[in-house]
Amino acid sequence: MLNVALLGAGRIAGVHATAISTNPGSRLVAVADINTAAADKLAVQYGATARSIDVILADSSINAVLIATSTDTHSDLIERATAAGKAVLCEKPVDLSLARAQACQKVVAAYGRPVMIGFNRRFDPNFAALKTAVDAGEIGKPELLSITSFDPAPPPVAYIKVSGGLFRDMMIHDFDMANFIMGTAPFAVTAVGSSIVDPEIGAAGDVDTAVVTVTYADGRIAVIKNSRRAVYGYDQRLELLGSTGLLQAQNMLENTVVKSTAAGVTGAKPTYFFLERYMPAYAAEWAAFVQAVESGSDLPVTLADGVAALAMAEAATVSLRTGNPVTLASILG
Amino acid sequence: MLNVALLGAGRIAGVHATAISTNPGSRLVAVADINTAAADKLAVQYGATARSIDVILADSSINAVLIATSTDTHSDLIERATAAGKAVLCEKPVDLSLARAQACQKVVAAYGRPVMIGFNRRFDPNFAALKTAVDAGEIGKPELLSITSFDPAPPPVAYIKVSGGLFRDMMIHDFDMANFIMGTAPFAVTAVGSSIVDPEIGAAGDVDTAVVTVTYADGRIAVIKNSRRAVYGYDQRLELLGSTGLLQAQNMLENTVVKSTAAGVTGAKPTYFFLERYMPAYAAEWAAFVQAVESGSDLPVTLADGVAALAMAEAATVSLRTGNPVTLASILG
Amino acid sequence: MLNVALLGAGRIAGVHATAISTNPGSRLVAVADINTAAADKLAVQYGATARSIDVILADSSINAVLIATSTDTHSDLIERATAAGKAVLCEKPVDLSLARAQACQKVVAAYGRPVMIGFNRRFDPNFAALKTAVDAGEIGKPELLSITSFDPAPPPVAYIKVSGGLFRDMMIHDFDMANFIMGTAPFAVTAVGSSIVDPEIGAAGDVDTAVVTVTYADGRIAVIKNSRRAVYGYDQRLELLGSTGLLQAQNMLENTVVKSTAAGVTGAKPTYFFLERYMPAYAAEWAAFVQAVESGSDLPVTLADGVAALAMAEAATVSLRTGNPVTLASILG
Amino acid sequence: MLNVALLGAGRIAGVHATAISTNPGSRLVAVADINTAAADKLAVQYGATARSIDVILADSSINAVLIATSTDTHSDLIERATAAGKAVLCEKPVDLSLARAQACQKVVAAYGRPVMIGFNRRFDPNFAALKTAVDAGEIGKPELLSITSFDPAPPPVAYIKVSGGLFRDMMIHDFDMANFIMGTAPFAVTAVGSSIVDPEIGAAGDVDTAVVTVTYADGRIAVIKNSRRAVYGYDQRLELLGSTGLLQAQNMLENTVVKSTAAGVTGAKPTYFFLERYMPAYAAEWAAFVQAVESGSDLPVTLADGVAALAMAEAATVSLRTGNPVTLASILG
């Protein structure tokens, strides 16, 4: 049984609290947040207690820490928690700075504790089934991957300004998905983008619509499409062409009702946003973490995976500025 | 090369004229209609000549006759054409009277000429593919067949009054489809129906909505649903449950465009009515007729099939009146 | 906050225990089962205690009872629990005997306590969305309802023998669904059926494949199809034709992955059986019960609904034997 | 009535011969081919006569010429036919050389005769319906276009060597489709590609898998994916994200049959290749040409459109070599 402390008491922390509590192999014992009222409320709801991070890290009965605080605290907390001997599951991204994330990776290596990064989409039942089919050779040799990833609506421009930009904040998930599906680090990325959804996003120095092409040393290609706005809901699809077939993971829909009238044949929209779509993925992610920590087996997503995705975001950022392809080697030095 | 005369020059005759003309094994040489202007027009369009039925039947260079006249002339024309040595393709139904159709069947038997009934739906690429899959054992032993067959809009009540009723006019296609898919004559039918779409149809002594359950001696069951009104288009579907699976033939759509907006995900409607949906089936039907006549092989649909479907319509009519199951044996005597 | 006792500790009781525990308005305090080990285990898992039914009914701190015991105990337990002042949610069917269910209904009426019958499918998000659309007039006036309800595999013949037969055990859900969607008691039912899936089921006096046609006084029609075997999974669909359109509730699938190869385009199967398909429905059912009991508002499914569905099962049983339509009036006396 | 001569008697010429003959506004009067046997055969089949190109161009009774010869003859024949006063429909591409195509464009301008380029996909009912919906504002302002265009199997390497390369031979259709849907010339293109399907294609100096990103001055983006091999059939899809929705044109399938078994739910594959998929488009293309020529209205696809697509192919070829974006301005001078 893992005794778990949750760092952070915001919306996504609430999702994790449910996953921790309903998993038969873990229980939530402590919650920490600078907003102590929020920490109290979440702790009471799940029979845990609100405590400071210092107290939590000093408590040897706590085996694992789930970090769901703001991004700028991730690297520090990962380092402190592993130094304190805890197993760690940290929300993505590791950091907005690739250099800081790489430094964190080195520090953590010394402690030898498990650190998993919360790329929850790997645990989505649909994407996971596609990955299983690829690995089973059901479409032969993969050749061309397409990732469609549109949010239902753009966040406030204030958020955009501190987000690290679309590539580090939003496409980071898709970079990890490309790595997950293709199973290899890419050779180079080329990015195009614009702020066609909202010019204010452009004024804030970011793009809201982007296409990144990813090439691999062996000739494979991936293309990632992002938009901050899809008014019909959260559009999350994969498509992989292989030598003997095509695999597609389509959207999950709100329900299966179809209405046929003189106006056409209408079905339900995709589930609205990440909480609706990925709720099962969060539970599966936590279950995988518990299983790996308890059994000592390899983590399904590592800190290195977090760094790899961040390097792609960095390369895409450079490519967007220059217009030219950027190799991962040039970024990773 | 079959030299073909077309009896009738109405809308459906025009469809057949195209099929006859574009088939490399046949050519349209004559058209007959009591409306001589219509016959002339159709003949000119396809390089044929308008002639009387007497002249056509006396012309030994004409090998085949396609009967697309009004239903009350079918039996007579089948008899006269086969007596004249022609191969015959006659539109459904054989007759509104089962007794007359059976009499026709006897007369025709004496002449030994091929007579095919135009159950065009057997040649629909979707239904034909389903039948091929069933016969190949792809779902094991068939157990439960469902036929959905809805017209887009009811015909005028004036037509209803002379149509022979929903079972002989509309469901006759579905009775034949049940025979085609199940490959056996049924044991009994039970009908329910109402005039819920249009009370005037009820006042005219007919129903516009009906469900007929068909039972077979070996325990298999079929259920046929008819409605005179589906405002979203022509709804023509099959569904067959077997011991190792389910086969469905779904509607053909006007196009493949799907629109996702805040209001939902909307695709195109089914093709509007039988001309849109079954145009390829008419061409395939004619090709099958030509092939069978030229090669002397068995016809894919026979006059006996026409009589069998008519017997089911008769049984359903009795069942609707009494509320009770009616065996085919009691109808066929 | 409802303090709830769970009567029964079998598989479906476990599903209900989760729903009770995760609902913020209720908590599980006691579990009773003649298998005391099972009761203990379930109680411990959810922080409740195992007690006898007598103790539970005598405990005035317990507000509600969920009855998930064997069918033959339902009527007695409903009567005892309401007599003890508890609100009751009882699994379907009320009883295998219509007379006993009607007697229970009279007894319960005297106590004025809320009694809800667990027709969980009304709470399936897909069926509920279809019902909402119907009630909103989205397809005009309903005319023709089709219910497809196939189990993945037949139960053991030993179970069949004590089940009350397909109509009382399996189609009872579909009878209630017809009542739910159509919103009116039917006029008559006509049943056909056979034991084509497994002759041993026939030898045990039951059918495994059945079609029941339901007619309504105003001309509407419903048709229900049941099979004990659909090897591709649990097939649970509705289709309702109305004056201005068609509504369909399609199956939920295991995932959204589609594979296109030289062999065809293959997607996932329907979710396997009722636990997979209806898990969200059980939670919604319980939430609706809690909401109604706490607020004193009308129950969404009543004991009268349970009796109505049972009467249809009784009528279908008679119709299957005689072959003729059976009016509900003749059954209800 | 247009009197039409067909230049070329190969496979695609046969498709055009059918379209010309069945259109009520045109008739095929002459066929020319260096293979005179092929010209004779096609002419006889449709009641035309085989003649030399010189004779055809000198015959003032011939109003229109359809050019379906090899690509290297297109520019010359367009020039000669327009000089002879004919209306012209010429198969794509105009030429493999952008400079030659531009020279042709100047020559033709002087004669003022209608010249249409055979970008048949614009007339596909699905793509045309999507275009109609975009123009009607059904998804607001277009932002991000995706074109998927995979052939079922690669052509022989011998063909690849003379094809002008994937961008001029295959993606030229998709460049035109982007122009058709977006309605504006692009700013720049960036190409990546590899010969992952067949290394011999790489050895021949071409790619078989490519992704081209297209940017527009106003911030819109298009991405085109090509593969020479999709073993499941001809994959031809569009997807356009707009400010108020998404439009998708999906594949047409061989039939609508769906089979559900223990192995999954399997439907038919996409139609196999361009003849199956685009047969209705060829007829619609010809009808649009006849209508425009007879009425004197604007052609739906012009020689300028042919040049514009060729310029994109040229830009993509340069981008593939350099890895960098290439503006259309730099290509067009």
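Quick notes on this structure:
Which chain is which? They are A, B, C and D, in the order written, and residues in each are numbered from 1.
Here is the rule we go by: contacts are C-beta pairs under 8 Å (C-beta built on N, C-alpha and C of every residue); 3 or more make two chains touch, one makes a residue touch a chain.
Which chain is which protein? Per UniProt: A, B, C, D = Inositol 2-dehydrogenase.
Just so it is clear, the structure is predicted and the values come from calculations on it, not from any experiment.
The greatest centre-to-centre distance from chain C (Inositol 2-dehydrogenase), using averaged C-alpha positions, is reached by D.
Chain pairs A-B and B-C differ in how many C-beta pairs are in contact, and the one with more is B-C. Distance from the chain A (Inositol 2-dehydrogenase) centre to the chain B (Inositol 2-dehydrogenase) centre is 57 Å, each centre being the mean of its Cα atoms.
Averaging C-alpha coordinates per chain places the centre of chain B (Inositol 2-dehydrogenase) 41 Å away from that of chain C (Inositol 2-dehydrogenase). In chain D (Inositol 2-dehydrogenase), the residues touching two or more other chains are 230-232, 244-246, 260-262, 268. Chain-to-chain contact here is organised exhaustively, every possible pair of chains being in touch. Those residues of chain D (Inositol 2-dehydrogenase) that touch chain C (Inositol 2-dehydrogenase) in the complex are listed here as 230-233, 253, 260-270. Across the complex, chain B (Inositol 2-dehydrogenase) meets chain D (Inositol 2-dehydrogenase) through its residues 22, 125-126, 129-130, 133, 138-139, 244-252, 254-262, 268.
On chain D (Inositol 2-dehydrogenase), the positions that touch chain A (Inositol 2-dehydrogenase) within their shared complex are 141, 143-144, 146, 148, 150, 190, 192-197, 209-211, 213, 215, 218-221, 223, 225, 227, 229-232, 235, 241, 243-246, 323-325.
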